[in-house]
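Everything below concerns the one structure shown next.
Letters A, B and C name the chains as they come in the text, with residue numbers starting at 1 for each one.
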Amino acid sequence: MPPIVSVRVAQLASELGARILGSGEVTVTAALPFDRAGANCVTFIGDAKHLRKIGECQAAACLVPESAQGQLPAEGPTVWLLVADPLDAFIKTLRRFRPERQRAAIGVSPQAYVSPKAKIGPNTNIYPGAFIDDGAEVGSGCDIHSGVTIGRDCQIGNDCTLHPRVTLYDDVWVGDRVTIHAGAVIGADGFGYRFRNHRFEKIPQMGHVRVEQDCEIGANTTIDRGMIGPTIIGEGSKLDNLVMIGHNCELGKHNVFVSQVGLAGSVTTGDYVRLAGQVGVADHLHLGTGSTVGAKSGVHKNVPEGETQVGYPALPEQEAFKVAMATVKLPEMRKTVRDLVQRVEAIEAATLAESRKAG
Amino acid sequence: MPPIVSVRVAQLASELGARILGSGEVTVTAALPFDRAGANCVTFIGDAKHLRKIGECQAAACLVPESAQGQLPAEGPTVWLLVADPLDAFIKTLRRFRPERQRAAIGVSPQAYVSPKAKIGPNTNIYPGAFIDDGAEVGSGCDIHSGVTIGRDCQIGNDCTLHPRVTLYDDVWVGDRVTIHAGAVIGADGFGYRFRNHRFEKIPQMGHVRVEQDCEIGANTTIDRGMIGPTIIGEGSKLDNLVMIGHNCELGKHNVFVSQVGLAGSVTTGDYVRLAGQVGVADHLHLGTGSTVGAKSGVHKNVPEGETQVGYPALPEQEAFKVAMATVKLPEMRKTVRDLVQRVEAIEAATLAESRKAG
Amino acid sequence: MPPIVSVRVAQLASELGARILGSGEVTVTAALPFDRAGANCVTFIGDAKHLRKIGECQAAACLVPESAQGQLPAEGPTVWLLVADPLDAFIKTLRRFRPERQRAAIGVSPQAYVSPKAKIGPNTNIYPGAFIDDGAEVGSGCDIHSGVTIGRDCQIGNDCTLHPRVTLYDDVWVGDRVTIHAGAVIGADGFGYRFRNHRFEKIPQMGHVRVEQDCEIGANTTIDRGMIGPTIIGEGSKLDNLVMIGHNCELGKHNVFVSQVGLAGSVTTGDYVRLAGQVGVADHLHLGTGSTVGAKSGVHKNVPEGETQVGYPALPEQEAFKVAMATVKLPEMRKTVRDLVQRVEAIEAATLAESRKAG
């Protein structure tokens, strides 16, 4: 356990450039989320919509947006710290109470295997149990953790972190400042077979994978190599845990895919595409720039630029909402229809009787 | 292959405290499930509802519940063993034919890396290729298998098993008698970004993970660290393979999540919550104590205590069942509605003609 | 980067037994997919249905099916190579430009741990960081990559590849020519508990796993061991990444499961069963030989031989299609029904007024 840090609120305010409403003489020893923050804590309210719970604040000090000034309770245990960006200020505060650990400086561990034909940049740590094969190149300032495998002729940029047990197959290209979380597998063979002579015959997967700069790849996520060309994860994209990217997919820049998303082969995306958890996308589709797909949806058609889709099958949001509403009301509608059938039958019978009388 | 064990049924009955119906002089050499058990085997029927297939029994001996006595066929190849708890008795029988392997006693392997600043309890095995970082503490009687990584300042209780390639990031806390299966990743960064300057900026994930006593975590499951505080897996909870637990989630005690379940961030649960396979739960929801969610459901609202929900979107079971029934019958209902439209049009036309005549 | 290879098209044609339409004197230096192939490239069109885009071909040479002869544009930059099987010919061409890497010949690495009670066949590579436990047997011609764990008494056939970080628990049986991709976990405990004394008590999982010859298992896929007997992956079956196979499942031959599929316990399948991505199958079901299930479907009943099912819940394809169509049109139908209700009310009111008048 790290030593306990205590800070006067006035000191904190001065460091954060915050305006104080209340006494700066209180001392705080921890930074915690709103619901957990008690008498010795500093906390925060990130935005206007969370201000409604401000009366319940139990913390000694609370970072709030400047715009909140008129709405702060005059009484209560809390000193208010007005800042432009409460989340940002809170992150700085957290760092103050829990300073980031220093990077280890172990260099190339003698318990790692590094091929004599591999190149390792300066200021890079290769932990025990890592395995770096012939022709691989790792840039400077990288952390290659325990049990990582880097295949033949891979190229890793500068300032990358590969967490424990990451596996890169041969020929994977990774840009600068990429983080890959534990257990992720990049460059395994795509799932391609031909059905011949009553069995599935493997189609060789001779492509590679390209993970561009500033990407973050989640734990146990898998990204398959292209069959002929590359599978591409565009610059700045973030993939959560247990995501599957099929062979030949090409993602644009700044895509965000939540956990357990699955893309079949040869899907392409524009920039700023957002997929919520457990979404599945069929092969060879295109998701346009700025498009969004809701959780658990099944996408089986191209998604136009800027459109939000939801559902299984996925439909444009408004439409999907109407379908979902109508679906939930189906049992009621079924009764209405049965009732109508009876009423129409009654009318028909009456009309028939009438016309017989008349006849 | 282990040597074949043969046992007289009378001997088995005596060990299990079973009452024999038939001859105890038969010898059995294997314990197999009902459908696979032949002439030299002992098998079992776990409960009353499986008794209907009792006439098909081919085994030499069969463990049955005491309550079954009146329903046992008088003829046939099988000796009946009446016990209070047939599954329990069968597990003991299995152990007799296939004795559990002894724990290895390898201590701390010289092919593992254990930081001089880590502490390892007595009677704990650290296998080759494990990596234990500064400040980590492992209790007594643990098996830390090959390729496991235990990050800085982690604390592992007593009698824990970490199967091969388990990765614990820094600051993970694990209670006594916890089993974590191969490839699980505990404590990777939560998936938190802010969108600023046209890119996704990482929000530091400074929390930790707490896995309480008697939990079992499945293979390749991932549990992210909290952003500020902990992600908690409550005492006695069981997570299957490939499950995803997002950051800040707090699970109560004795939860059971089947494989490929995904919880978004900040979900909380009561005790005894059961989620079937591939369920997804949206962020910040609460699943009440004793609630259950059916396979592949998508939960987007709190689930009340004790309630069972199913579907996408998830609804209370009865309601979901009616919606599903009505959905399957939709094409039929569509025809009925079309037919009604025509009939109503016909009536309207007739009425109009009538009123014209009358007019 | 490998050296650039250049080949005359006439030479290529002769090697492939292709008939040339155009000049064989052109030189090509790369083989790329149709959409990416430019002036110095050879590409291919696999089958008749892709011939419609043939006019857009920018490649120097294009492999086409012999049947396409009448449909080839006379003008344009492309020389046509007619072959019986364009994909096959293209794969050979790819190999010519990017020769396969030679297998390493490292034998048993001194940085691996191999139990003195294990047996390793001739011409097998055991990479650094691999761990092979007591009683395990590995055949000849295998590649056991870095960080692989092979448990006690496992048996691996000949010519198998276990990619980095594969974990086999004790007693796993693997046939000849099996490929297992990185991070896959075979033989972890099945998910079986009894609820007793207010907690979930583990049911010991004493079975094993059998992966038959010519199977391929995807990255980070998990296959649990049987409770009593085996979990079986039948000959020639192919499982993609992040697939979950529960305990006691028995797959027939030549099954193909796309990524993120999940089978609950005790599912059995015939031969040639195909499951698309993210399908879930409930426990104890049987999927008949030649059956197919569409992406993201939830299967909760047996699937008959040869049948294709889709949906959540899964239905026979034609039925599912009608339900999906009707579901999408639900909001419209809801309007129709409301409208009908009003019209019928109007008719009823009119009829009532009429009968009063008459009365």
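Keep in mind that, in the parts below, contacts are C-beta pairs under 8 Å (C-beta built on N, C-alpha and C of every residue); 3 or more make two chains touch, one makes a residue touch a chain.
These numbers were taken from a predicted model, which means no experiment stands behind them.
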item: Touching groups left behind when chain B is ignored (all other chains fixed); value: one piece
item: Fraction-based call for chain B against chain A, same above half, different below; value: different
item: Rotational angle, Cα trace of chain A fitted to chain C, multiple of 5°; value: 120
item: Intercentroid distance (Cα basis), chain B paired with chain A, Å; value: 25
item: Sites on chain B at which at least two other chains make contact; value: 129, 147, 165, 183, 220, 242, 260, 278, 312, 327, 330, 333, 337, 340, 344, 347
item: In the complex with chain A, residue positions of chain C that touch it; value: 1, 31-33, 36, 87, 91, 94-95, 98, 100-101, 109, 111, 127-129, 145-147, 163-165, 179, 181-183, 214, 216, 218-220, 236, 238, 240-242, 254, 256, 258-260, 277-278, 295-296, 312, 324, 327-328, 330-331, 333-334, 337, 340-341, 344, 347-348, 351
item: Chain C-facing residues of chain A, complex; value: 113, 129, 131, 147, 149, 152-153, 165, 167, 169-170, 183, 185, 188-189, 191, 193-194, 198-200, 202-204, 206, 220, 222, 224, 227-229, 242, 244, 246, 260, 262, 264, 278, 280, 282, 298, 300, 312-313, 315, 319, 322-323, 325-327, 329-330, 333, 336-337, 340, 343-344, 347, 350
